[in-house]
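One chain, chain A, links the two complexes that follow: it is found with chain B in the first and with chain C in the second.
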Partner chain A sequence: MNRRALSDYPRSDVIHALRSGTLALDLGPFLTRIKLSDRRSIDFFRDMYAACPVSIDKAVLCDFSLCLRPPNKFRKYFRRQIVPDPGFQFPAVPLPLEMSPLAFEMGLNLSVALQCFRFAIFHAGVVADGDNALIIAAKSGGGKSTLTAALMEEDWRLLSDEFAILDLDAATLKAYPRPVSLKNASIDVVRGFAGSGQVSDTLHDTPKGAIAYRRPRPSDIETMQRAAKPRLILFPRFTDGAQAESREIDLADAAMQLIASSPNYQVIGERAFSGLMTMLEGMKAYEIEYGSTEDSLALVRELWKAHVP
Partner chain B sequence: MIQRAPDIKDFLRIATGQAPLPDQPQALAAFTLWAQQSHILGQVAAVVDAPVGTKLAEILENARLRSSYDQRMLTFETNRIKRALMGADIQPILLKGSAYVAEHLLASIGRRVSDIDILVPEAQLGETERLLGQAGWRAEESTSGAYDQQYYRRWMHELPPLRHVTRRTLIDVHHRLLPRTSRIRPDHLKMMAAARQIEGSDLMVFSPTDRFIHSAIHIFGDGAFETPARSFIELYYLYQDLSDDERQGLLARATDVGAQKPTAEALWMLDEYFDIKAGGARASLVLKSCLRSVTAGQGSGQFLANSVLYVRSHYMRMPLPLLLGHLWKKLLRRV
Partner chain C sequence: MSAGPNNDDWVWVANPDHYILHEIGDSTFAFSRVSGTTHMLNLVSRAMLDYLAEHPKTLTQIIAGFAAYLEVPPEECPSGVVRRLFGELDEVGLVERVEP
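Right after this comes the complex of A and B.
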């Protein structure tokens, strides 16, 4: 099968494949067929996914299909809007056409969250130090993405900013290294340490506020077939001016919080439970609170050193 | 993102286990995409074996996991409905997917199900809604507005959908088979009188003949053929589960209950798409050509054919003045 990095294809071939819906993105465990028609999402895709393997061959089987389209004929021409269509009915909110990169990223998230049942999925950022993974569990405003992006600067591998994808047989996490989604104040923070070349243009006034994306590095893509064994779970809380603090929590509580964040735990059923229990064996879980990125990094270093040999 | 389907009949044969998977990668990809878009992957996964380690095997395994959850959910929820109505002397008849699963029919294997349909006598509608409400099923948010609520209650054949507050499962409580305003008026009372108990349960289902007829009514008398392949496969399997006698009595019973037209159209479909020769198969030229165009999945006629089927489904459901008012409301809501 013919699969090369996106940036190795002629520009016109990529654009044509995206417009006709024949481009297949081969990222981590998932192949996704993508159809885009507006300039902005096409540019965004070509930029943010440049290092990712893709195929423009129609004969490639895909797990998911994602199409960005106008919500109806009227909105194709008048006050143009766009909506992600993952191939099943979903009440996604139409966005103005200028926000198509956000619609695209939301669409990919929907595709995985609502259509993957081969792996248990939890809403969390995952980074890895070699083959050992750190789970950064999501709590809105907790600073999951900022911390994920900051750890990338410390040479951690990015597995995912959005999903912990648990292989239920191996009890390891799969990499799905997509752009890290940054909101509001964290955009400038990440631009500061990663360099503005690594961060996309900012989309202003979206339903989630200002949004920008930090690109995965080529090394994250090269190593994406290497699954990692989770060792530590953090539940971060960013509070302005807070003292850096960590508090160990019971693994059962960590499990309950992970389960509550999972879109497919109920669907998979018993195997998701036993897989999660196997994963948690020997792990440690902490709540951490901090008021600055430096403090959060110091906490991670300290806890990682204490628990991972 | 509809790909050109080389021949829908070949695809339907593969999807129902009557033909092997295509050898050519391009045809295999086209078939898989078609099955995904038609929401029948679970049914395909039940009859097709993909080589281990291939992407197809992963895709089918994923579909299998999903549809087995749907069946567990349906069995569980059916049990909860029984519990909610216990002691009230209401014996709901399970319809469509929930009946197929409860009776372990071919049509249930791998079928994706999202809601539960039950039928109760109209006189017991209020009591059923009250008891289900006590058990946690409340008006679904998207149709809980005043317009939808009164529209359903005044014109439709079912209550506005009920969603369970914690489990989020959806029930449609029917009191007849088609909207009050529908052009065809199947005699649901006759069909209810012939309903019977599921073995080892006190829930009811239609007789096998009526089950096929109801599916035909639902697909050809009411729907807009959004997922024709899924509907056709359902009718194919329901027909497979009929005895020879039941097959022969199909049209007579359909005429008896006032569902001759949709049943004849369903039989035409079985002939057209599965080469099953069943007597009395008839459908109008417009319906035939629209369906052929839609299922071929190609060409400029697609949009027109879909539009005709959409308008047809509404034409079948209600008289023109009512339809115009309703479509106007829906249009205003969409833009």
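Right after this comes the complex of A and C.
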């Protein structure tokens, strides 16, 4: 496959390939064919994915296919709306056209969560220090993405903000370094330490509140074929004004929480069970609570130093 | 099949071909090949699974023999607890009814 970084292609070629649905995004273990038609999602894609390898060869076979389209013809012209179409029926709520970057990211999430069966997928952020990975598992609003973005500033590699992608044979985690999804107050926090240029425009009044994205760094893309061995699982909880503290939790409980967060564990079945059990060998799990990003980073440093040689 | 109203002609067994066990700390994870679901067992539930894997038993035999299997006095293993443990394993399909 002839592929180059997105930013190396002429702008007009990229726009034509996106509009005609011939662009293939080659990110981590997945090739995704993408079709976009509105200016905002095209600009978002060209900006946030600039360092990612893509092909504009329509003959490339892809794992997934994602098209952003109006929910019906009427909504193409009046009070324009958009839905992610991952190629199968899914009850996605139409969003106003100006929220197309959110629809795009949601569509990529849907594609991986519901169509990937080569790997076990768990809902978690993953960063790596060299070849050792830290899993950041949290419910929505728990502080997963803010902590992931903060660790990027400490030179951790971004593997993913959304999915721990488990290679079932090697018991290692695959990188899928897409933009980190930031919500509400965390947007300004991350702009503060990463710089405004690293964060997308804010989408206001989305179903999830205000949303912006922290772009992956070129180094995250360059090292994305390097898998990492998970060593520690954290369940972060941001509580305004909280004293920083960590509490070790039973690895078995952590495993059950990971299983509950997985969209494809039950479908894969026995191989997912065996892969997860192998992955967990020798790992530790902690709940951490904190009231500031500085405190969260201090807790991670302390736990990482204690458990990872 | 749930334990529900039980018949003492029924015999029960845990078939190790139908699940995979993996220990993490004091807990055992059991993956049921029949249902495709994963269950977390404590030490006592795990012991009952092993007890039922030895050979088929009626519920009466299970209640009568489980305390001795655990090597604890019967009063430390009341019949209600044994029934409940058995019922939980039956509910998730880790034990099966077989022909006597």
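Definition applied: the second predicted complex is superposed on the first by the 309 of 309 C-alpha atoms of A that agree within 3 Å, B and C clash if a C-alpha of one lies under 4 Å from a C-alpha of the other, contacts with A are read in each partner's own complex, and residues count from 1 in each chain.
What we mean here is this: contacts are C-beta pairs under 8 Å (C-beta built on N, C-alpha and C of every residue); 3 or more make two chains touch, one makes a residue touch a chain.
Keep in mind that what you see is a predicted model, and the values were worked out from it rather than measured.
Visitor: Under the stated touch criterion, which partner chain does A:75 make contact with: chain B (first), chain C (second), both, or neither?
Guide: First partner only, chain B.
Visitor: Looking at A:256 after the superposition, I want to know if it touches chain B, chain C, both of them or none. Which is it: first, second, both, neither?
Guide: second
Visitor: Counting touched residues of chain A, say whether chain B or chain C comes out ahead.
Guide: On the superposition, B touches more of the residues of chain A.
Visitor: Taking the superposition as given, does A:277 touch the first partner, chain B, the second, chain C, both, or neither?
Guide: So A:277 only meets chain C here.
Visitor: Quick check for you: in the superposed arrangement, does A:88 touch first (chain B), second (chain C), both or neither?
Guide: first
Visitor: Would you check which partner chain A:193 touches, where first means chain B only, second means chain C only, and both and neither mean what they say?
Guide: In the superposed model, A:193 contacts neither chain B nor chain C.
Visitor: Quick check on the superposed pair: does A:269 touch chain B, chain C, both, or neither? Answer first, second, both or neither.
Guide: Both partners, chain B and chain C.
Visitor: Hey, what residues of chain A end up touching chain B and chain C alike?
Guide: 266, 269
Visitor: Using the touch rule from the top, collect the residues of chain B that touch chain A in their complex.
Guide: 1, 3, 24-26, 28-30, 32-33, 36-37, 39, 54-56, 58-59, 61-62, 65-66, 69, 72, 142, 334-335
Visitor: Which bits of chain C are touching chain A when the two form their complex?
Guide: For chain C paired with chain A, touching residues are 20, 22, 24-27, 29, 31, 33, 36-38, 40.
Visitor: Please output the residues of chain A touching chain C within their complex, sorted ascending.
Guide: Spelled out, the residues of chain A in touch with chain C are 250-252, 255-256, 259, 265-266, 269-270, 273-274, 277, 280.
Visitor: Help me check something: in the complex, which residues belonging to chain A touch chain B?
Guide: 21, 31, 33, 35, 58-63, 65, 67, 71-72, 74-75, 87-88, 91, 115-118, 266-269
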